[in-house]
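After the C-alpha cells below, expect a handful of questions from me.
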C-alpha cells in the first residue's frame, strides 16, 4: 500500500482532476489518496471569514462564487450516475458553511475555533468530490482519525491516539481511499482543528507512517527538488536522489517542495518519499530515502537559498568570560517565538550572530535590548545590531563529509568573484555550509557556485 | 599619570626587580605601579594552605623557604637605610601568615575565606618590598579600595564603591605609588578576597580607568602579541598595533598575553594599553587602542589557536520548526557552567554544533542528554555527539570587513593543503573567522595560514 | 448628591417601577440612580445564549416573550409623549440582540465575550426605560465610564481610568441621571464586560466613591440586615445600625443583603450606606457607617450563618516543627481557586482545620493529597480529612472587644443546650466569633444564641 | 531491649552519675543507654569556640577548667582498674580539642563545620566515661551510625542509611551499650554534625525505632508531664498517661519535658515512652502510648501555656472575596522561617490572626508589609498589626471529642473570672482548644481553668 498526496494545484482545474484520476486508477497496489482543498480555496475561506466578521455583506457574493465553482467542477468530472448525490452533498456542506458565515456576520466576532471550522470545508469538499471522481474510491473523513492536542496557540498531533485511530479505520484493506489533508479534530473536545498551512503533506506522511506504507508520493506542480532555485538562476536541474537529511536541509532553506515536518514520520519509519509532478507524470522526480548516493563526482547535492535574511549581532566587550549570554539570547528569542536559521559565534559568548527573517528583526532587536538592558546601559554590551536585506545560501550534501576542500572551493569561488561573505557557519555533521551575503549578490553567488559545483569540468 | 603593571616574572629575581626600579624611575610622568606576587609565590601559598590543612607538617619547611626568599631579596634590593624597617615589616607579615597556617594545621580544615587571606600575602609582601626599592615611592594597600561583592562562588568588583574609593585614595597626585595587584576585600564584611588568577592585570586596568590614566602598560616576559603561537610554529613576529576588539579576540582564543577582562575597563575609557617586555624594555611591544590600522597590505592581524577543543553536535530531524532548541541547549550549558567558544548552526535549530574544552565535553553531553531525554527516547533527536581532540583556529583582524575574499583565501589554503574543516563560524562583525580541525593538523594549519597571510608575496 | 441603587425585584413589575419613580422624584438633592436589569431578565439572557448556542430553535419563542415584556412595561409606565420614541429604542436594542442570538444559533458556539455582550442588554434596556419613566431624568450608558481590565478569567475594574471617566461624564451636576448597573467595557478593546452577578451594587458604590456622594442607598426587597437568618428562625428583627466592618462580616457569612465588594469603596471614602426596602419605603432600614454604636445593652449586632460547610483537617505528627506547612496548604487551595471562610490551627502547623463549601471539599482534599503525597506516603501526615454537612455560625459586633465574657456566654449557651462545637475561631480584631457545628444543629444553635444575646432579660 | 536516655542534669554530678549506674545496672533486659554531655558542657563548648575565634586568649583558662572537670569526675566514678586507661582516653580527647581551639584562635575564623566538631566533644566524653562507669557496658560512637544530609542550613537525619547502619552495629545483642546523644556525621563527607539542641532525646528515639525497642525511657529531672506549668501555678500534679497526640500537643505548647521531634519515631513504631525522674526513680512518671485513657471523669489531660505570644492580624476590607491572601501570608512567613503556633480566621481571608513568638513579631510584620505593600498603599489592606506581651493557653485531651460542653466550660470559667479572650482556635481533631489572653492574666487563667477542670467537685 502506498500513500499519494495531491496538492492544491493538482486539484485546481477540471483537467488536473482528471489527471489525478488517471494517476490513481493506474496504480498497481492499493492506495490512500490525500488531497488538499481545490486551488486557492483555503485562502478564499480565510478571506470570507474576515469579511463576514467585519460585517461586510459582500462576503455573500464571494461565497456564492466559491460554492458555484465546486458545483461546476462536479458537473464536469463526476460521472452522471453519481452526480446528483454528489451535488446534494456539496450543496449541504455549502449550506452549513453559509450559516456559519452568516452567524459570524451577525455577532461580528471571529474565534480561532470558528476559523478552523470554516477552513476545514475546503478539504472536506475536495475529498468528497475526488472520492466520487475516482472509480472504486471511497472517502474517509480525516477529522475522525487525525487528533490534535493544544500547545500554546497551536494544535499538535497526538500520535498515540491518531495512530491507533488510523489503524482502526484502515483495518480492512480497501483498494482506494480518499481523505482530506490538513484537517483534524481536538482529541478532547472534538472541535475542528488543522495541521497548519502545508499540512496536507503532513497528513499524508502521518498516514504512511501509521500504516507502514511502501512509499509516500507527493504529487505537486514541479518536477522535484532542484539543484538551485530555478526562479533565480538558469541551468538548474532536478536532483534525482536525496537522503532524508539532505532533503530536510534543502527544505529548511527555502526549497518549498514539501512541508518540512513531513519528512520526519517517513524518515522515522524509513518510508521513501517520491516527489512527482502531476503535470509531467512521466518525469522521474526526486527520490528521498536513507541511501547515500555513491555518485563520486558530486560532492554536493543542491544549493538552497533564503531570499529574506536579517543578521543580528549581539556583542559586548564587557561580557568576556561571562557564561550564559547565549542562554539569555536564545531564551529571549524563543519566548518571542522567533525562528533562527543560522547561528555563528566565532569566539567567546561576547559576540554572537544569527539570521532571522527580515520581518522578525525588529522584534528580535527589541527583546534582546530588553533582556540586556542593564548591560547595555553600563556599556558592557552594545545594542543588538540588525543588518537587513541579506540572503542566506546553503550548499547541501552528505558526501561533503568525505570530501576535503569543499569549504575552500566554496569560499574561493566567492572570493574570486568578489562576493562578500558576511557570516558563515558549518556544523560538525558536515552536511551543509551556509553563508550570508548581500541580497543583491544572491543571483551572482548562486550562479558561480552552481557553475563551480555542478557544471565545471574539474568537478 | 599612567599605570604600569609588572607580572610575577618581572618581579621574580634580584636582577628583574632592579630592572623594574630602573623602568619606573625613568618615567616622565607620575605613575601607579601594580605588582604581582614574586614569581611562583602565589602557587606556593596555595600549596602551603593545602599541606597544612591536610595535617602535613612539612608545610613548615616550605614556609621557611618562602619567608627566607623574601628576606633575602630585601637584603639585595633595598637600600641599607630602609633595609631594617622593611625586614621588620616582612617578618611581621610572615609571622601572621605562619600563625594562620598553624591554625589550619590544627583544625584540619580550609575555607575559601582563609585561602583568600593566605594568598593575599604574596602581593602584600611584593608591594611592600617594591615600594621600598623604588626611590620616592610609597605603598598603598589595594585591599582598602578594591572592593568586591559575592556572586555565586566568585567575588566580582563593585565598581561604584571601588571607583569612589580609588578616587578618594588618589586624590593627591603622588609621584610614584606602588600597590599589590590581585587582592581586594569584601565590601560588606571586609574579608580579604581576590580578583582571580591573572587578576593583577585587572587591578591595573581598574585603577587606570577610575583615574583616567593616560595609558596602561602591562610589563611581562614576552615582547607582545604574536602573529601566531610561537610555541607551535616558527617565523611568527610581534604585532605592532591592535584594536581593543582584535586584542580581545586574540585573548579569547588562547593568546595568554593579558587577562581578558583587563581590556574592557581600558576600552570603556579609551585608555591605550601597551604590552612591554621587562627583559627587553627597548622593544616597541604591542600597542592596543581604538585606532584601526590602515596598513593596507594586511587583511588580518593575527592567528589565534586553542589546542584543546571538543565539538559537540545536537541534531534531530524530529525538531524541525521547533523553536526553543537553542534556548534549551544553552540553558543546560549555562547551568552547568560550561564555557562555549564557537557555535555554528548552519540551518534550522535541528542541527547545532559548538566547541568546548575537552574536559567539559563529558559534562556537556550529560546535561544535554538529560535536557532532551524525552525527545531522544522518541527518536526525534539523537544523543549529543562529542568529537574530541580537535583544535580551533581563528584569524583575527578588523580590516577583514573591508577586504573581500578572506574566507576564500583561508579555506582555499586549507583545502589545497588537504586540511579538513570540521566546523566553521564567522560572525557579522567580520573581525574573525574561526574553524575547527583535527588536533594533529593544527601545526600544519597554522603554518600554511601564517605563510599565506603574513609571508607570501602576493599578500 | 446621593446614589440610589434599585435591584431587579425593585424594577420587576409595573407597580414597583412606579414606586421607584415616586422614591426618586421625592429626593431633595440631585441623585444618580443605578438600576439592575428587570427581575429575572439576566437569568433569561444567559438561558437564551445557552439555548441558541446549542442549536435549540425554541430560543426564538423565549426571546419573543422577553422582548414583549419590555415593550409591555413601556406601555404601562412611560408617559404617552415619550412612549413611541422609547418603544423604538427598545425595539432596536431587541433587534440587535436577536441578530446576535441568531449568529450564535448558526455557529453553534458561545464565547465569554459574546455572553457578556448578550447579558448587557438587560441593564441597557432597564436603564433606558427607567430613564424615560422618571421626570427630568436622563440616561447615561455605564459602559462608557466603567472600565475593566482582564485578570485571569475575570474582569476587574481599572479604578484610575474609571474614576477619571466618571468625573468627566458627571462634571455638570444634573438633577437625575439613570445608569445601568453591572455592565462595563474593557479598557483596551472596548468589548462589553461586566462586574459579576450582584455587580449593580458595586456599580453604585463605584459611582458614589468617585463622586464623593453624600450617601449610597441600596433599595432592595428586604427591610435591612436582620439579627439572624429569618428563613431559619423566628423572632429576628432588623438591625438599625452597623459599622462597615460589621456589615462586611455579616455579608461574608451569608447575609445576602448586599454584594460584599460594594462595602469597600464606600468605607474607603467614608460614605454611609443605607439599606432600604422599595416595598416598604417608610421603614428605617439599616444604616451602615463608621460610627460604632454605643448601645451598651448589646454586645453583639447579629448572627450570621452558612448553611453549607465542610471542615477539612490536615494533620501530621511527623510535621512538628516543620515551617511552611500552612504555606503549602494555602498555596494548593489558592491555585485551585478554593475560597476558605474559617481557619483554625490550635497548635503548631501539624494540625490545621479550615472550612470550605461542601462543593469545594472534594477538590480541596485532592489538591492537598497531591501536595503532601510524599509526606503521606511516609506516614508523616494523614490524608486530608473532610467532614461534610456542617454549618458555620458567626456572632458579629465591634462591641465585643470591650465586653468580657462573650465567648463564655456563647459557648456556655451552646454547651448547656448540648450543641457540639466542632471547630471555632476568634481573631484578634474581636469583631466576631465563629464556630462550626453539625448542619442539623444549626436551627437550634441559632435559636439559643439569638435568645441568649437578643431576647433574654439578663442581656 | 529498651532504650534509656539520660539528660545533662542526670549526668551532671558524681552523685547523679552513680544514680544512673544504679538505674542501668538494675534493668532486667538488655539496654541501650543514650547520654547527653555533662551538665552545661555543651554551652561551655560553644562559648570556648566563640572566645577563641575572637582571639580572646582567656579561652585557655576556661578550657582548662572544663578538661579538669572531666578528669575529676573519672577519679570519683570510675573503678580503679579502669581509671588510668579512661583518664588517658579523655586526656587525648581534650588534647585534640585544645588543638582545634588553638587553630581557631590563630585563624580568627569559625565555620559551622568546626563548631559542630567542637560541640561533639561533650557527648563523646560523657559516653566514654559513662561506659566505663557501668559494669559490663561498652561504648559505641554514635557518629558511626547516625548519618545526616544537609538541608538548607540544617542537617537532617538520613533515615534509610541511619537505620541500616544501626541494625548493622547492633546486630549482636549486647547487655549494655552506651552511646552519646546529639552527635552525628554527614553521610557523604563524614564531617561531624549534630541533631540540634535537645537532640539526645531524638537520638534515643531513632535507636528505639530502628531496633524495635520494647520501650523508650527518657530520664530527666522532673517527674513527668504536669497538669499545668508548676512554675506558674500550684496544685499541679503529674499526668499518669498520655496518648502520643496529647503529648505532642503539650510539647508544642511549651511543656519542655521532651524534645518534640522525639515523639514521631516512637509513635510511628508504636513504642511507648516513659518519662522518669533520675532524682526520684521510684515515681511512676508519665506513660505515653497509643492507648486512650478511659478515665471518664477527666475530659482534659493537661493545660499547656506559652508565656511569650504576639498576635499578628492581617486585615483588609478591600480584600473581600480575593482568594490567595492566606497563601501570601504563609508564603512570606515560611520564607522568613517564622514558626506560627495558632491561626484563627473567623470569616473570609480578609481577616486572619496568628500567634508567633514576641521575638519574631517585628520580622513577621516587616515581611507581611512588604508582601502586601501595594494593597496597603491603595488602602485595600491595613498594615499588619502586632499585639505583643500576650500568652497562649491550650487545654489538651483526646476525650474532649466525646464530651460536649468543654468549650462552654472553658470560656464560661474565663468569662466569669473577667479574663479577656483575645483570640481562640479549636480544630476539627478536637484534641485541644487554644486561646490567647493578656500576659498578665496568664496566672489567673491557669488557676481558674486548672481548678475548674481538675479540682472542682462537679468535674
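By letter and in written order, the chains are A, B, C and D; residue numbering begins at 1 in each of them.
As a convention for this text, a residue touches a chain if its C-beta (ideal position, glycine included) is under 8 Å from a C-beta of that chain, and two chains touch if they have at least 3 such contacts.
These numbers were taken from a predicted model, which means no experiment stands behind them.
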item	value
Farthest-lying chain, centroid of Cα atoms versus that of subunit A	D
Separation of mean Cα positions, subunit C and subunit A [Å, integer]	54
Interchain centroid distance [CA atoms averaged], subunit A/subunit D, Å	69
Approximate Å spacing (C-alpha centroids) for the pair subunit A, subunit B	48
Multi-partner residues of subunit D (each touching 2 or more other chains)	none
Chains grouped in pairs wherever the two touch, ordered by label	A-B, A-C, B-D, C-D
Subunit D - residues contacting subunit B, complex	99-100, 102-107, 109, 111, 113-114, 117
Subunit B to subunit A touching residues, read off their complex	244-245, 248-249, 251-253, 260-261, 263-264, 267-268, 311-313, 315, 317-318, 320-321, 323-324, 326-327, 329-331, 333-334, 337-354, 379-380, 385, 387, 394, 404-416, 418-436
